Every structure is written in C-alpha cells, then in structure tokens.
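Below you'll find the structure, written out as structure tokens, and then a few comments.
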Amino acid sequence: MKIGVMVQEGPYQHQASDSAWEFVRAALARGHEIVGVFFYTDGVYNVNRFMNPPGERVIGKRWSELGAQGIPLVACVTDSTYRGITQEIAVPNAKISGLGNLAEFIQQADRFVTFGD
Amino acid sequence: MLFTVNKSPYLRGNLEGCLRLAPAGTPLLLYEDGVYAAAAGTRVEGLLRQALASHPVYAVEADLKARGIARLIEGVRVIDYAGFVELVEQHPVVPWL
Amino acid sequence: MEHGEPRGEPSGAPPRKVLVLMRKAPYGSLYNWEGLQVLLIMGAYKMQGLVDIAVAFVEDGVFAITQGQDPSSLGMKAIAKTYPALPDFEVDRFYVDGQSLADRNLTLDDLVIKPEILDAAGMARLLAEQDAILPF
Amino acid sequence: MLFTVNKSPYLRGNLEGCLRLAPAGTPLLLYEDGVYAAAAGTRVEGLLRQALASHPVYAVEADLKARGIARLIEGVRVIDYAGFVELVEQHPVVPWL
Amino acid sequence: MEHGEPRGEPSGAPPRKVLVLMRKAPYGSLYNWEGLQVLLIMGAYKMQGLVDIAVAFVEDGVFAITQGQDPSSLGMKAIAKTYPALPDFEVDRFYVDGQSLADRNLTLDDLVIKPEILDAAGMARLLAEQDAILPF
Amino acid sequence: MKIGVMVQEGPYQHQASDSAWEFVRAALARGHEIVGVFFYTDGVYNVNRFMNPPGERVIGKRWSELGAQGIPLVACVTDSTYRGITQEIAVPNAKISGLGNLAEFIQQADRFVTFGD
C-alpha cells in the first residue's frame, strides 16, 4: 500500500518522532511505499542537521537516512520560518516546503497516519 | 477505523473520549503512554475492561517493555510495530492524540 | 491478520475524503491554528477535484469556533474569525459533536459558524467515511 | 503556596489532581487553558465549585478574553498579570502543569 | 494584596529548599528524564550547603521509578536505574504519594528505590515547606 | 523580591513562553528583580535567532530585549546540543550554558516560577 505520515512534535521531547520512525521502518519492511513524511508544527525541528546528542540516537540523521532511500521528507516552510529552521540547516534529503506537500501525500496515500502529542 | 491512543489514562481523557465515539467492533491501539491503560489491577482497569467488551484492544510491545508493564489485563493483544502496520493496512487510522 | 489490497493509482480515482479533526483548545497550544491552515490548503486541492474536505469539532476543539475571542492583548492572532470565510476557500462541510457542546454549556448561537450537530453515532459514521483523518 | 493550573479541565486531570492535595485556604490560579474551568454552566462546574468552597480561585483576564469566556462561575476572581505577580509575592508557587 | 518583603541575600542564609515534583510518565515525553538531571546538579549545590533537595513522585510521576523498565528496543536510555545511585550525589530524600501508587496497583516492592510514602496531608506539608518546586 | 523563572516549552507551539514573558514584564513593572530565565528542555528553542514569523510577535527577539535590560537568559547547553541550538545561532543577550545556572537562579531567588506544558 501507499502510506503517508505526519509528525507534529519535535525530537526528544515527545515520543512522537520515535514512534513515527519505528512505524515507517516497519511499513517498509512489510513492503509498503511511504509516499512521504510531513513534518508539521514543532515537527519541523526533526530536520535540524545540528542535533548532536552525546551517545544517543540522532533523530535528524535517522530521518535523513530514510530520505536517502528515496522517501520524501518535507518540513512545513511556514512553521520552519516561525521557528528559525531553514534549508541551509536542514539534514540532507529533507526539504523545507509548503503545506501543498501534505495535501499531495494525502492524495497519493491509501492510508495516512499522524504522530503527535 | 483504527483508533490510536498514546496518552496515559490517568491524566488524560483520550481513551475515555474515543470510547464514546468508537462503534462496537472497531479496533483500538494503545501505544506510547497509552499502554499504561493495559496494566492489570489499576484504578482505570474498568475503563479498559469496558473497551475490551466491545473492541479488540492492541498494545505495542516495545512501549510495554520500555515502561516495565508486565501484568496485562486479560484480552489485551500485544503486537510489535509490524502488527501496528498490519492494523493500518486493514483500517484507516483515527488518531486520538 | 492479512494484508489489505492496495488501491489503484489516485489519478482518475475518486477524491480522497479528508477530515480535519479538531480536539484541542485554541491559544494554550497552536494545534488548531495549524489545522486551520490545513483546511485552507485542502480547499485548493478540493477545487481540483483531488480531495473532499470537512472539519469536525469534538471535545475541546469546539472552543476553536466560539464567539468573542480576543487574544490581542496576548499578541496572538484570533482564530475563530477565519472560519466564516472558509466557504470562500471551498471548505464548507462543518460538523460538531453535540455532547461536546453541551458539556461546555455551548449552543450553535455561541459559535461563529453553524456546523451540523452530530450525535455520537453520527460522528462515528463521519469518521468511518474518511480516507484520512488529521488531528489537531 | 499558590497552585497554578494551565490545562483544560475537560481533557486533563490537572485541576482535579491539585485539588486533592491543596490544603483548604490555599489559593488556586487558573491561566492559559486552565481558565476554561471558570466558565459557568458547564459539565465541570461542580469541580470548580468544589474548589471555591475551600480556596480563593483566580483566573487571568487576558486568557479569559483570548478565549471569549464571558460568563464566569460566581466567586472566581479575575486578575491581570500584575495580580499574578502579587500572588507570587505572597506565596511560593506549586506549578501543577 | 500587598507586597511581600524581600528576603536577605542568600549568602549566609539557610539553604534554599528545593523539590523536584515528578508528575509525568517517562518515555512518552522527556520531562522526568530532565527532572533527573536537575536532581543530579542540585546534589552538587547541596554539598556546598546552598540548597536542600528532595524529590516527590505524584500521579504518573510514580512510573519513573518502577522496576523492569527496558526501553532499549526504542533506542532510549533507561530512566529508573539512575535513581538508586542518587544518594551518591547527595540526593536522598525521596517521597511518593500513596494514593498515586495505589491507583496504579503499585507498592514499594515494585519500585527501584524505597521512597517515604505520604498521604495527601503529608504531601501537602512537604509542598508547603519548599522555597522552589520544579515540575517535571 | 528576587524572582527566578524556568521555561520548558519552545515558542509558538505552547503558550508557556508567552505566559512567562508576560509574567516577567509584570514582575519588572512591580519593581522586582528577575534573577534569571532558564530555558530547559524544548524551552531552549526560545533563543533561536532565526525565528521569522511574518507579521507576528518574534518570541526570540522579545526575550533578547529583556536580556538587553540585564536579565540573565540561559538556555541549557545539554538540551541545546541535543536539539541543534548553538551559541552562534542564539539571540543576543542569551547564553547557552549549564544546568548550574538553574541552580544559581533558584539559590538566589525568593520565588521561582515554572512555565511549561
């Protein structure tokens, strides 16, 4: 199936980002196509490339690795602008772009799952 | 429909709220702090027993293990993330965040 | 459990049914402001026949559309006043959970729009019709 | 002690939780989404009346205005941020976030 | 209402009484991990006689100290296992709300430390003694 | 009096940062001394200098202005490192520093108030 995902919280503070990542990996393992992961509201913090937690999972890097496999990763441009996240500081394979991407993902997906608080 | 609940039933009304609207037979997935509702013998056990009377109830194993929840209310089905995905294959998701 | 069958390609398919589900209160957190932005963009996709879009107000989500909101002294944008303009953006299917209104001592007269009031069974049917539900 | 509550009483247990522990006479401050508890005629009015029976209850005006809450339960004292600060001058804060 | 009187300079003053109040569950959010970091730093200040430090577990905060936690499959750090080491960092005053334990079908045997169990009145007294309460 | 403040949430997503700012201004107006504002957990996002909300309150700038009046603003260095916030991208008058600052603020303050979710 084609599955779309939205993440509404930033890394570390809430489990949402971790749960979304586990879900995406499990969906890929079952042969599904992830049409995209849309990072909305505080979720845009997930694509900050400067996360550097000592001895810990690096959430931005994990997402970037999924992006390298061809999964579209988009952080909402408006929310990013509010919060000081720009394309320059985004991890590789993540795009800062408009809400239209969310609409596209939904329109392409057979299922859509949101992770948040 | 698959209702998903990720909040503790002690401090949040999420589980109670979605039970009011979920039609009988609709599956319910507990994950993150939502899995605390699956523990046996607690003050909120009645709420989950009410859920089990009308719904298949699933709980994510990794979240149960993280929280050290060992004794579950009978009838709760423990699944891994692959099981979560299987449920999503079968049902559109109603995230009751 | 077994796999569901994939559907066909979306092009040429009927429009995806999308519901924005407002459950949180405004101002204390940003969520339903963000849900409002999603409604606006979905309206544009509805115009192209790609999605069908509706919004339901349940639990504290009903506080999003009450009259008299004035967050100006907090320097925040008022949320409720945008709703009456949504039909201009092709968003015109509004639903509210009757029990949630009653619990909060609210009636249609207290709201900035006139959503269709649904009982629990009606709300469950609405949720069941959707391809995608976006919670805010 | 000044107990402060910033959560909606419909979806969160914060108000109920702090009422269990706040000794009679201790003031209670509602702000942010906590001010929804001060609205008259709602399902949770009983909870706030219970609070008022034993505690001075304050609500922040800017938060009431933002949310358009006009009809308050009798006895709730509306204060501005200067009033919030005054309460903090008089009492150490117990944030029941 | 009238202004309170400022106190004297803290140097030479008795140590500030500080309570970390754990009310949230671990893993779903980071708060009580962060509270734990505050306990560790406050221990260092206690050694200098500048603060007195205690921790109380109330409501879902009691889940922070239950036995058997294993978040390794989620790639997260285990929280409970740090608590037994806190006395080495000068943090040794642990309190738990008895009602919160009972509500969750927990007893002292289920916990990684042995906090003093307080009833509602005892917990209220503990809260009333503090100069600063830090919620997590 | 001497008052210390902790902020546990980032800007915009939750009202905590707004409430803390209103409180600090009101406390100053009543003649109190703010011994410091400590940004902890997601609160560290408050000091990002690149926030740029169109036509909206700029929360980072507001804090920086209070810092210019001499109020110590400190964002927890560990949480900042986790989340990709560094001294280079911090607003003027805000410092990325250790939890010891929180302990200092508490030790100096007659009252301590936390804003969060």
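By written order: A, B, C, D, E and F. Residues from 1 in each chain.
The rule is short, and it goes like this: a residue touches a chain if its C-beta (ideal position, glycine included) is under 8 Å from a C-beta of that chain, and two chains touch if they have at least 3 such contacts.
Quick caveat, the model's predicted, so the values are computed rather than measured.
Separation of subunit C from subunit D in touch steps, taking the shortest path, is 1.
Counting the residue numbers that touch the partner chain, subunit A and subunit F have more than half of them in common. Centroid analysis (C-alpha atoms only) places C farthest from subunit E.
Seen from the C-alpha centroid of subunit D, the farthest chain centroid is that of A. When the interfaces C-F and D-E are ranked by C-beta pairs in contact, the top one is D-E. Computed centre separation for the pair subunit A/subunit E is 34 angstrom, with centres defined by C-alpha atoms. Look at where the CA atoms of subunit D average out and do the same for subunit F: the two points lie 25 Å apart.
In subunit E, the residues that touch at least two other chains are 3-4, 23, 27-30, 59, 74, 76, 131-133, 135. Counting partner chains per residue, subunit D has residues 6, 10-11, 13, 17, 32-33, 62, 86, 89, 92-93, 95, 97 touching two or more of them. Of all residues in subunit A, those touching 2 or more other chains are 1, 8, 12-13, 15, 22, 30, 41, 56, 111-112, 114, 116-117, listed in ascending order. Chain pairs that touch, as defined above: A-B, A-C, A-E, A-F, B-C, B-D, B-E, C-D, C-F, D-E, D-F, E-F. Put simply, subunit E touches subunit D in their complex at residues 1, 3-4, 21, 23, 58-59, 97, 99, 120-121, 123-124, 127-128, 130-133, 135. Residue ranges of subunit F in contact with subunit D, taken from their complex: 1, 3, 8, 15-16, 19, 22-23, 25-27, 29-30, 32, 111-117.
Contact residues of subunit A toward subunit E in the complex are 12-15, 18, 22, 56-57, 117. Within the complex formed with subunit A, the residues of subunit B that make contact are 6, 31-33, 62, 80-82, 84-86, 88-89, 92-93, 95, 97. Touching subunit F in their complex are the following residues of subunit A: 10-13, 41-42, 45, 48-54, 56, 60, 81-86, 89.
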